[in-house]
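Two complexes are shown next, each including chain A; its partner changes from chain B in the first to chain C in the second.
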Partner chain A sequence: MARIQLDQIEKRFGDTPVLKGVSLDIQDGEFVTLVGPSGCGKSTLLRILSGLEAADSGRVVIDDRDVTGVRPADRNLAMVFQSYALYPHLTVAENMMTPLRMRDLTPVQRMPVVGPLIARGPHRDMRKQASDVAETLKITALMDRKPGQLSGGQRQRVALGRAMVRKPLAFLMDEPLSNLDAALRVHMRAELSELHRRLKATFVYVTHDQAEALTMSDRMAVMMHGDILQVGAPDEIYLDPNTLEVARFIGSPAINTLPAEAQGDGLLHVLGVSKPAPMTTTRQPVTVGVRPEHLVLKEAGRFSGTVRHRENLGADVFLHLEMAGLQQPLVLRATPQDAARIALGDNAAFDFDPADMLVFDAQGGRLRATTPAREVA
Partner chain B sequence: MQSRAHLWFIGPAMALMFIVLLIPILIAVGLSLTDYSLGNQGAEFVGLENYERIFTRSTYEKMFVATFRYVFVVVPLTVGLGLGAALLIHSLGRFGDLYKTIYFLPVMAALIAMAIVWEFAFHPTIGIINSTLEKGCGTFLEAWPWYAKGCERTFPLWLNDRDYAIWTVSFIGVWQGFGFNMVLYLAGLTSIPPQLYDAAEMDGATRGWDRFRLVTWPLLGPTTVFVVTISFIRSFQVFDMVEAFYPQGGGPSKSVFVMMFAIYEKGIQQNLMGIGAAITVVFLAFVMVLTVIQRWLVERRTHYV
Partner chain C sequence: MSEARAQSFRFNTGAATTHAILIVGALIVLLPFYTMISLSLKAPHEIMQQTGGFIGAQEAFRDDYCVKLGNAAENCMVNPIIYNYSTAFEKAPLVRYLLNGLIVTVSIFVIQVLVALPCAYALAKLRFWGREAVFALVLFCLLIPVHAIALPLYIMLAKAGLTNTYAALIIPWTISVFGIFLMRQFFMTVPDDLIDAARMDGMTEFAIIWRVMLPTAIPALMAFGIFSVVAHWNDYFWPRIVITGNRDLFTPPLGLREFKGDADGDNFGPMMATACIIVTPLIVCFLLAQRRFIEGITLSGMK
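Right, the complex of A and B next:
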């Protein structure tokens, strides 16, 4: 259980700045996800937090103790690696006992053959702890196998077990699910959330997969170009992104962006249609973002596009609409019933509620309304 | 009718293996049971007489003693030093390549040429080794009885004293061989996933020795099996150095009469093909045993699929 503070962390590799003064405050027992495209510095930030990498400047504080200069082993954190990093020559049980052996036994007690004889008590305790954790993770049957004999999902559990066995202050996870197949990944997402609820420990989770971030975290921090762009609950980030980049990165399929012109009088013109936009006060070119689920098929819709592609997911159908004046097709979410009426190549009329518009200025910053607007029908 | 295509696929490889490997070995086994000499019209079948000689005569006892002394000094030292050097170089950032080249030089150099240099170095009066040792006379080093004795009379005739010769030759063997093992170990070290060291650090392996025991040594297992086998075979095969130092037959009191040299002396110099072939077969048996042990170890212990 720990509160973790990262304070103005900076890191450069050679001349390339990787982290540009990142600060993040993680509460005790929180599940925080660092999410961003590859190369955004999220893994480096986690490694700095763990101590495996040293920051050029800035501080890492765990439970009000400055651990910036403390070596990883003494920070009492546990880490789950993307490649699992299990010791291939040790059995599952031995792998899980390694952190206990290294911390709780003296070098003499750790010696093969002799160690277990002269320190029976500690060795028995270790085995007990490992088998308790194995029971929690349902891997008791695998305890005598070597990692090479396990499937990806089983290795994942063993790696988790090795992290859990010594009850660390916090769990750090570096893309732990990215080597699993799609179905197992979805299943493990649920299990990790469940594990977090049960352990009530602090989890710091790094991923490039926005779906993992949205499904599991209490809060997520969206990172890009070595900076945290926005920190907040998943809903907040999804519905109320601060910048165009965040809006584009979070959500799948990605948000639709339309070029528009703000008139300066609380109206904007988007593809020849005028929409109320009280957040705009000056004449300027803007970008309007609308999520696929906010585009609605409507006979009287003021926009129309040609259906170029239908993506059928069973419960939903995503229609890709080509429109004059847009390079990227728009993506619209429809129910299967509605979508059945529209064939490839048809023209589809649609519209959206201006309240669902996210408006960004030319620099990609969000323009926010002071009072919510509803279109007068 | 069954297709005979498979014969065309395995045929060439089988033919080559028989012609260049198996048939010569069978010929050697056959020759070892005779008293054949090159140029003779025929040969007498002598049964196991050649083998009996190898395992009873004192010359061959000296051969085994010299061979095993050499092997059991050179193998552990070249493996140990090779691993040590590899670990040190692996931990270096900048001058790693320089050290790698320096340690690998003796492997590349022709041992015959290097033998001349060593012969000078070990020369009893003008050699650099003994003249350096003499400089230490009269200092605290004389507290060591061996050293005092050397000052009083002379320092050893390294290469020509039967108590020292095999150890001196072994030393040169180590000097020459450990660079090779170092390169093999360096290759092994680069293939260890760095995340394992991260995991070891997170798990609390703070001391270098802990990390070595937990990660480095187990993951070098396959490399070690290979390095040890190769070193054994290479040390059993030592020949050129002995030939360069003692062309007249196996060093002082035959104390450096190693197997390869014995094969050469009997089979080529004295044209006793039968006994030469018999020593070859014994040599082959040693190498076979080593290879079988290696296969067994590799399959049993060190591969973590």
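Right, the complex of A and C next:
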């Protein structure tokens, strides 16, 4: 299929820089997600990749062919839009055949009535291809309906079908699940991953939802302020973020951040408690990030907070703990059994393993240890 | 049950006043219409003496013209309705006029659409230098009354040797700024994603206009079509200016003149019959497309 290289892409809208020299290398058959908060430039990057928008500088290379100045249709990419963008006046079948008609037929063959008569072969092929794709997506029964008569999920499938019929080099998806209800969104995530495995095609997927990025992608690129902050496998990004911003954006509930003071001797003070932190060699204020699942309820825990809110998700209970010296409550993931023993307003003692601690300097950059931290009990 | 019914029929002063005013307004609008239909049904003496109510006595009367041609008086007795309507068709080539009207209005509308859709698309969806200025010019042109530029237009057509042709009736109206404006407003509501999808599917900008924008704009085009067809079907002013001699090019409203100001006086019966025949196609079209028409009006925000 296709290897895509984005090289030093820059884009400004008026005086506002939207993309500041973004480079990204996407391997053949990879599912890459561009994830970031709204306004970070991820959609613009996708549109530049598709050719719908022109970059101010930089190159787009697909399979070693520089396509920077090539118009969208000639890049042989397919795009699925958030609003699906189906042609409202055409039936599902006609919608799916449109890219084929535009690519494979001459203007004469495209003419209504006359076209199908003089070019029976091509028209039959097109219908065959469309119905094959419809079968894959299980929308054969909808082929004669208009988009207005379809539900959101069905429209989503038709939009996918329209992208699939012409067997593009890569699929570009711009928040395709955002207009679906929650249950269907979760279902479609699995289905998109399945589709990716089956087609073995390159997928570039834009979303603001970190859960979609974590669940579906082979690699994800976290974008903020017009720049890619970190590219890597979902696990890598989640467990080993490069910056505080990435750590905060990925993960739900968000990572807990605690102000701390590095001592310069391999220890740091967090809320009055000393933790080994070999990554710090100088005295400086730092921020410690700990994921909710790494905070453990413990009788002998050295931290304690008041339970202000309980979020019961069935399998897990998230406890929101208010602590002196912290503006934001800490979120702690507990099992339902443990959480049952703690009522609202109670004091809960907890602790965490220093190995689970992510330490960031004052600028938000990650401080990494050369040797893993061990607590000297 | 009866209580509920009493509730639903409760007298409402506000609504009653509104309807009273609307009824008076409707009567004022319908009165000339009533006169037109009534006169087209009555005999000449009833029209002159203003007798006979709405449809007249429908007694046969003597057709003076027929007598003048040397026929026996008893052979020239005619029924008013038949006389009025048959004279309308005999004295003037009304079918020809109706056909002219059809040719002119349809040509104008088709060319207006051919011009307005690409313009509106560019103004609504393409980014280019000076777009806002061009759109401001379009708005400015909306303010120019036809009559203000009639004379220059006439002189240009005359210099080009086009007076007394279909071209003179059609060309001045082919660029409709109102059409451009209306369609531009409609295209603004079409999501950009749809256009981007079409571009991804390999359509050129013109293909997008005719294959995507045109079909989605049918309701707006219907509204514009009604405005355009009604205006040019009923137009008396412009055809009167550019069609001076050739009766074969008369549009239906010009046909009305055939009955006016002859030496033997105005012949109101056939004249009103002609008027009835001229307005009928529009009324039939309106009745057929009533729902679309109201949709279109609401859509364009015109009232």
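We take it that the second predicted complex is superposed on the first by the 377 of 377 C-alpha atoms of A that agree within 3 Å, B and C clash if a C-alpha of one lies under 4 Å from a C-alpha of the other, contacts with A are read in each partner's own complex, and residues count from 1 in each chain.
Operating definition for what follows: a residue touches a chain if its C-beta (ideal position, glycine included) is under 8 Å from a C-beta of that chain, and two chains touch if they have at least 3 such contacts.
All of these numbers come straight from a predicted model, not from anything done at the bench.
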Touching partner for A:Gly148 - first (chain B), second (chain C), both, neither: first
First, second, both or neither for A:Leu77, with chain B first and chain C second: both
Partner chain in contact with A:Phe318 - chain B first, chain C second, else both or neither: neither
Partner chain in contact with A:Pro99 - chain B first, chain C second, else both or neither: both
Footprint overlap on chain A, where chain B in one structure and chain C in the other make contact: 50, 52, 71-73, 77-79, 81-83, 85-90, 98-99, 102-103, 162
Chain C residues within the chain A interface of the complex: 191, 193-194, 196-203, 207, 212, 215-216, 218
Complex interface listing, chain B residues touching chain A: 193, 195-196, 198-199, 201-206, 210, 214-215, 218-219, 221, 304-305
Contacting residues of chain A [partner chain B, same complex]: 50, 52, 71-74, 77-79, 81-83, 85-90, 98-99, 102-103, 107, 146-149, 162
For the chain A and chain C complex, residues of the former touching the latter: 47, 50, 52, 71-73, 77-79, 81-90, 98-99, 102-103, 162
